[in-house]
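You will see chain A twice below: alongside chain B first, and alongside chain C after that.
Right after this comes the complex of A and B.
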């Protein structure tokens, strides 16, 4: 891939491929039945986002973006997955297959939703200077699929992972729309994520302590 | 002095290559698979011995079965003889009959073959054969959208859906072959081939459990020469799909650029080598994954469809 980055003509293809990888990982998260593998997929997706940020930084010579890429690597690839996996290990229970619908149905619904996002954004007269235009449509599609994870999965860990991966999609959008954003603002976004992780971590622990399960299926009962 | 082959001769040679060498590739794949599992496995030429043995046996027809039972395997075999005319097996330029059908046309012929085998299975009145036939048709219909969308991607990339043009587009530059739309189309088609050649995760090829059978189940009632024709046909279908995977999508190199007899003949071992390499990949997949439960196969189909659909989307909006 490094050789490909060096050639300016293939920049676009590599960027497209990385954005697609982010979207495909999102679908894989939707499908995968174990929360544990979802968190690993999230780490992989974050790695793709990091690579994309580094690619844009190298292409446009943006020093700030390297810092963001490094922070993304530390936070989203290592720290966040580690924290969630720890919560999972402490809980000691495993929710397998918390799909509300059949996997094939879910994939088709998510596909329809992502096509909607893809064409809605595609019809906008928008041209980015930092990344090829399809990246915007793909990342909006990714955000919508992340929504579908939150909607269609019935356990707290999946929902948290869905939310975090939604943030990944937002990161890609910000790379497309405003890759030259000041470092302080970008760092603030990442700080937001840290806060979200802490909040979700506490919520997961509280939920598990009260209901003895990670599933949200019991939440419609009036007494725990 | 270079002796040139007539176009018709090269074309006949394409069909002959598929007919004569398909059992070799099947046997090789089975051999490698056994080796990977630590077994000694059947000989590479075992499929040929099996075919010879079956051809020397008598044909038994179930009591109530009519002519469809006999005609089905033969029609399927004829279909498999027809498809190599349309695809680049040995030459990188279209032979005279190469324009007779596009990818869809080839797909229809392969579909007709599958249909006639399923019809022969339905004719038997035997539960397992009918089960296999109806399952094969159901899953065939479910995988069809993925094939369509792969074809659409090809059509968007090349402006036509002739296999020779897609092969030329894949050959043109490495950058073009690494475009996201092309990669996704290749991946989707790979999953389609996994399904259509009855490999894991859809079906385990060496299984003897009737309840897990899809494609294998259809042939349970056939015996003797008819069964030989069916087995030969299924290994030809496998090699035909490998041709499309290799010579159209992934590695269309080493094909003959002219009709000189030397280069056309040289293309045969090169192609068989590539097909065997693909066979090794399939054997590794067979050994690394487990078979999906029957009702989970739709998830596999959904994944193939998702990837094919994304290929089309990316090629529409991203210009490939």
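Right after this comes the complex of A and C.
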């Protein structure tokens, strides 16, 4: 279908493949049962985003984007997964299979949601100058699947990973439609992400210390 | 005046450093000084509400000044309140750690909230709001109770997801802007606004809806408000006051920035409809929940949802008068909600509980903060002579003149319902005769005799007791035994903070300064209503 939208070239093929990889990794995160493997999948997804940023930088000669790609590599591929894996190691417990629904049901729901996102955005008059425009639909689909992870998984690590991967989706969106964002702004976004990750890490530790579990099943006291 | 902006952002940071390295006394002093300085500078800005600094990255215009003032005011008054309120339990080391974390976090939180209206451009605005989220989530978790842990996790997760949507909104608005202005755009307001008329309409609308959904999550708009009552009720009370009075307003400011651009691109009808839908949903839910709430801080939290709904509905009226009312409402709500939370903090400190069943005769036990809490709640219920009466009057008056006068009627009905819920609650807890054992003659704070159970009282005597409003503190079943409260204030600092809040409300209600009136009208003109 992507090929039908645009005349295939090497750049397009690679870009489409990378964007699709980001979306597929998101599905893999949704279904994988161990938080540890989810974090690894997140690192892999971030690597795909880095490659995409480098690809756009090379294609359009945008020097700023090389800096962003390098920062993404250091922060999202290395630092963020390292912080979360450390929380997991210190917690010493593993929550296997925190799915709220059966895996097949979850994947079907996510599939429906992502198709909705893809075609809704496809109907809007966006024209990307940096990447094939369908990449926008794919990344919005990825964002919606990230929402599904947060909604349908019941442990703090998966929910945090869902949020971080949502941020990956937004990065791809900004590569597609806003590749000219000033460097200072992009850096501020990335810095903010790191602060958020540190805070998520602290709150995960607090949660584990207080409840002795990583599951969110115990978080049901506050109602009304 | 560009030095004002730099000092406004530098003062809280200096205070952060002092709080991080020096002991508690110095931290309190530094925060008070920084708060007073910021508030004074915000007053200076009221008279001169346009300047830029740091080669354009910092900027104030009338609209942003309207939001700097209540934030700085609450920074100052909440600092005063915190000096009297924050006295953690535990050993020396734990206390020192708690205090250092609290004061550092408090100042960083205030700094981020002051930064949001001062930075120039939508991306930096998003960055500032995201910083407020992560800092305040840590502050919510500070109490280390199971409730606080749960509330902090829900808050950071839901608010961050919401801000993820807001980030998409930022990127989409950038796309809309770069379609007209070319890439490499900083999204400075001064460049966006004149060109906004040529932005692609459909994409600008998409950005606006995403922004309302994203920032609306943090502003507490129904149906994305679910984190709010938990975080407001479980956070330390000073943090609740800042969350409710200042942070929600800052997120409303972010929405207004998108509103400004959107109405220039596609006309005002579309953003008004969106805000009307969210505003009505918020007001309906909050008005109904307020009527049945049992926890004093959750009650105030839902009252915030109600007032955010009022703000959105006020913006949806095609009337400049209503917009002036909305902006005044931001100021008055900050003062009223801050004061009410200070009062609830005083009550919680006195009775050791937030539950309605265990609070009685607050005005007897709390001779100053009790009556002032009642006044603050009356102010929240839009009673004259307080500021919210004036602002809601302007909103409704504007609404009745606009084509959407049905919404104005619904607004009046729902606000009345919420006011009933609030005053009913406060009547029960603060004014009901409630406790045997403390008479007005024991006003000097001497320990009271043990409480007198109702059953054991001779009939004649019980009438006499009722007549002098002397009663018992009933305990909810299953609650642990607490020492009975005595008459007296927990701290003069709390009283001082409440007096400042009420004074601001009275000034706003009876005779707002002329400079402030000019500012509000200029800010409303900036929102260019009536197009």
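Keep this in mind: the second predicted complex is superposed on the first by the 212 of 224 C-alpha atoms of A that agree within 3 Å, B and C clash if a C-alpha of one lies under 4 Å from a C-alpha of the other, contacts with A are read in each partner's own complex, and residues count from 1 in each chain.
Just so it is clear, contacts are C-beta pairs under 8 Å (C-beta built on N, C-alpha and C of every residue); 3 or more make two chains touch, one makes a residue touch a chain.
A quick note: this is a predicted structure, and the numbers were derived from the prediction, not measured.
Considered on the superposed chain A, chain B and chain C are sterically compatible, since they fit side by side.
Contact with chain C, but none with chain B, is seen for A:202 once the two complexes are overlaid on the shared chain. Of the two partner chains, chain C is the only one touched by A:182; chain B is not. With both structures placed on the common chain, the touch criterion links A:103 to chain B but leaves chain C unconnected. In the superposed model, A:44 lies in contact with neither chain B nor chain C. Looking at the shared chain after the overlay, A:66 reaches neither chain B nor chain C.
Once chain A of one complex is fitted onto chain A of the other, the partner contacts of A:111 are limited to chain B, with no touch recorded for chain C. In the superposition on chain A, contact is made by A:167 with chain C only, not with chain B. Taking chain B and chain C in turn and counting the residues of chain A each one touches, the greater count comes from C. For the pair chain B and chain C, the least inter-chain C-alpha distance in the overlaid model is 19 Å. Chain contact summary for the complex, chain B toward chain A: residues 175, 178-180, 183-184, 296, 298-299, 301-303, 305-307, 309-310, 313-314, 317-318.
Residues 124-126, 140, 143, 146-147, 150, 156, 159-160, 163, 166-167, 170, 173-174, 177-182, 185, 188-189, 192, 195-196, 199-200, 202-203, 206-207, 210-211, 216, 218-219, 221-222, 224 of chain A are the ones that touch chain C when the two sit in their complex. Touching chain B in their complex are the following residues of chain A: 4, 7, 9-10, 13, 16-17, 20, 23-24, 27, 31, 102-104, 107-108, 111, 115, 118-119, 122, 132-134, 137-138.
Only residues 121, 123-124, 127, 130-131, 133-134, 137-138, 141, 144, 146-147, 149-154, 156-157, 160-161, 164, 167-168, 171-172, 174-175, 178, 183-187, 200, 202-203, 206, 229-230, 233-234, 289, 293, 298 of chain C touch chain A when the two sit together in their complex.
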